[in-house]
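Look for chain A in each of the two complexes below; its partner is chain B in the first and chain C in the second.
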Partner chain A sequence: MREEELPYKGIKGIPIIKEPGSAAKVNRGSWRLVRPVHHSEKCTKCKICYTYCPDAAINWTPDGPTINLTSCKGCMICVEECPTDAMTEEKEAT
Partner chain B sequence: MKQTLVTGNEAAAWGARLVRPNYIPTFPITPQTECIETLARWSADGELPGTYFDRMESEHSVMSAAVGAAAVGARVFTASSSQGLLLMHEVLYIAAGMRLPIVMATISRGLSAPVTLWSDHNDFLDQRDSGWLMFHAENNQEVLDMMLQAYRIAEDPRVLLPAMVNMDGYVLSFTDEPITIPSPEMVEEFLPEYNPDHTIAKGRPVTVGPPVLDEYTIFRAQNHVAARNALEVMEEVMDDFDRIFDRRYHLVDEFMLDDAELVLVTQGSMSTTAKAAIMEMREEEGIKVGLLRLRVIRPWPAKAIAEALKGAKAVAVIDRNLAPGRGGIMFPEIVETLYHLDRRPLVSSFVVGLGGNPQTEHKVKEITRKLIDDLETGRPRVEWNDL
Partner chain C sequence: MQQFKTLKDLPEQDYFTGGSSACAGCGPSMGLKLALKVLGPETIIVNASGCMTLLPLYPNTPLKASWIHNAIENASSTAAGARHGLDMLGNKDMNVVVYAGDGATYDIGLASLSAVAAKNERIIYICYNNQSFGNTGFQWSTATPYGSETKTTPRGKNNPTGTTAVNKDMVKIMGAHRVYAATASLAYPVDFLNKLSRAKERDGFSYIELLGACTAGWNYDPRLTIRISKLAVRCGMWPMYEIENGILTLNKDFSELKPIDEFLKLQGRYRALPQDGVDRLQVLINEHWAELKEYNGQRYV
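The block that comes next holds the complex of A and B.
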């Protein structure tokens, strides 16, 4: 029987990433279908969105939240939890 | 080096002790319990310096902990059986995919339902495609020897795959047999320290097993190549084992095959009974029958098997396992292996010994006589014993 010869790649053939912090360099939000939009006029700076974000995609500034869209997956928990409707859902362009 | 009487469970524990593991996560299950009880006793008595003995809440956690420890470069041992091994199943693929050379003793027991505590090979063979190297011992000496060999093969940079060493529950696990326990110095010469460079270490942060996209096929293919490499590594390791311990092993165990026209293909402890029956049949009836024991299941030593069986006229594949709706699990593997021979033997399938039904010499002789019938009629058969 003939069997295709496959090379053994040693450590290069093992699924590891040797460079630390490599995830920070890629866009982790690329498969997002909807995005949260912040409306500062309604915001009471209660920090609930900042606390509830499961992906630490909301940063806190003296002026209120800013959304890091390379990290946000569009789960809309912030929209659900905002008590003053200062976060709303918007469709990503398709 | 000392001669002593130990059970199969204790032989596996001795194997674990001699390889100086860093970590042993455990969860008890019949018939494996005595193996980890032995290690627990040694650990409590301070006889396992440098080994952290851990008690977990399930087998899934055991294998998860084993993966975590191996991912930071620890040498890991654990053991399981039957339902416990099945609960580990998900994590077994992860250990193989991350290329972590964990070694596990598996003590075969039939699967529920209905419940049995006795041995058959379905629990072990259920892990066949998980990417682990799979060895099956015939007796307690081989259990210990295979443990030492398994670590050396698994940790080889050309392989880096986890390995399972199987023994039959009760028949080996709870039966005292005289074995030679090698000295720690001999084992140290045979098995050097494990110093991997693909694991997490202080000052070397790495991400293990990350998500991938189209590279997935490459990594799967590398698992396959590594397992195939293991065949070559095994031959080297067995040579070296013979040099240091003076016991010779091969990829397959050939018994009286030189002039054999009929060959029984077996696995595990029933091979010893079959060998005794074969000697009697040769002596008393002049039947030219021999035996091929599968001791390496994964990677599949196709060449060695084809070479050993090429002179046979009829082969009986004796499976102590069952794939319902298919038949004996090893039967199609043997048939596929022989398909490309110029002159193929007749191959019959026998499903025997499920749930520990004892395989007596009488039953082996019956199978051999059926094989003679098959040769006369020219038609192979698929048959069950013990019904």
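The block that comes next holds the complex of A and C.
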């Protein structure tokens, strides 16, 4: 990245982040080697995947979990912890 | 006081978003996400330098609560200052929470932590314990358990054990300050959030120590974060208890502990620990567990 393109260019003093939760739009999907896939027919809506996601990439809706693939880093905790195999893993296309 | 019984009772609002620069499967970042569910947006998080300092990187932050970062030794003093400032403004609802690693708690920040605890300031101190100085590359801290390999205590011909020192019993030290001190685990989020909501209601200092499994330092597959956290509790490596006014309560009581092997074999930091090291670690764990069982419900410190 060139110096003119740096996000803090031109800021004097302590930079202040004004928008809470602004990291949500940062794409961490490129970190993934495998992606989680949710199968709603096997899901018992136990909320385990939603609670244990370290990056809050699994959002909860009344119909069950939805996976936000922009934030998901592919740690596969949800796949490992799902008691009914409703989460499976799939290789990312390289 | 909010009390939760199952995972389904936990609050659905999140004040933590993805997109941070934490490792995939990071335990401490999961702990912060869970903590903010109970603490809510009206929280000032005071952070001592460590891995979690890198969550808000300008111009992005995954947090929807205020965040102060300061030097590794004075997070508690900063929090006490923030609390006094809020008191002068007449603000009683704001939570002041310290989120610091074990290096900042056990070693470098112990003086300021002890002073603030002795004054019984209304602060919640959460220590995410990854049993090392994780951010700088997994060096030995006084929280590192016996037998673990770190960058500064490597295994070699002369020292096959790695860490030969026994880790500090920090919860007991904090319990001796006559405050609320408890241990928590990521594998038992309901228990962790119940302890937090109890700490939130208390008019005094609370210390909660969370075992934050560290995928890079402990050297395991990120998908095992929860399984390893659970095994740490089941094997007695991380017993779940709380001390209030010197009285000990064991939260998760097991008639028999699992052998420590099950916890060790999943992690790279214990690879090549000789059998006599495993036996010694098992003895240390059994002694601690027997002590907790003996003093359960009684005055401990």
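In the analysis below, the second predicted complex is superposed on the first by the 72 of 94 C-alpha atoms of A that agree within 3 Å, B and C clash if a C-alpha of one lies under 4 Å from a C-alpha of the other, contacts with A are read in each partner's own complex, and residues count from 1 in each chain.
Please note the rule applied: a contact is a pair of C-beta atoms (placed from the backbone, for glycine too) under 8 Å apart; a residue touches a chain by one contact, two chains touch by 3 or more.
Predicted model, so just to flag it, every value in this text is computed and none were measured.
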Partner chain in contact with A:26 - chain B first, chain C second, else both or neither: second
First (chain B), second (chain C), both or neither touched by A:57: second
Chain B versus chain C as contact partner of A:70, first or second or both or neither: second
Superposed model, chain A: greater residue contact from chain B or chain C: C
Partner chain in contact with A:80 - chain B first, chain C second, else both or neither: second
Chain B versus chain C as contact partner of A:9, first or second or both or neither: first
Touching partner for A:49 - first (chain B), second (chain C), both, neither: neither
Residues of chain A that lie at the interface with chain B and also at the interface with chain C: 7-8, 15, 17, 20, 22
Chain C-touching residues of chain A, taken from the complex the two chains share: 7-8, 15, 17, 19-28, 31-32, 46-48, 51-57, 60, 68, 70-77, 79-81
Interfacial residue positions of chain C with respect to chain A in the complex: 7-8, 10, 12, 14-20, 22-27, 29-30, 33-34, 41, 55-56, 58-65, 186, 189, 215, 222-227
In the complex with chain A, residue positions of chain B that touch it: 97-99, 157-158, 160, 197-198, 204-210, 212, 215, 218-219, 221-222, 224-226, 229, 340
In the complex with chain B, residue positions of chain A that touch it: 1, 6-11, 13-18, 20, 22
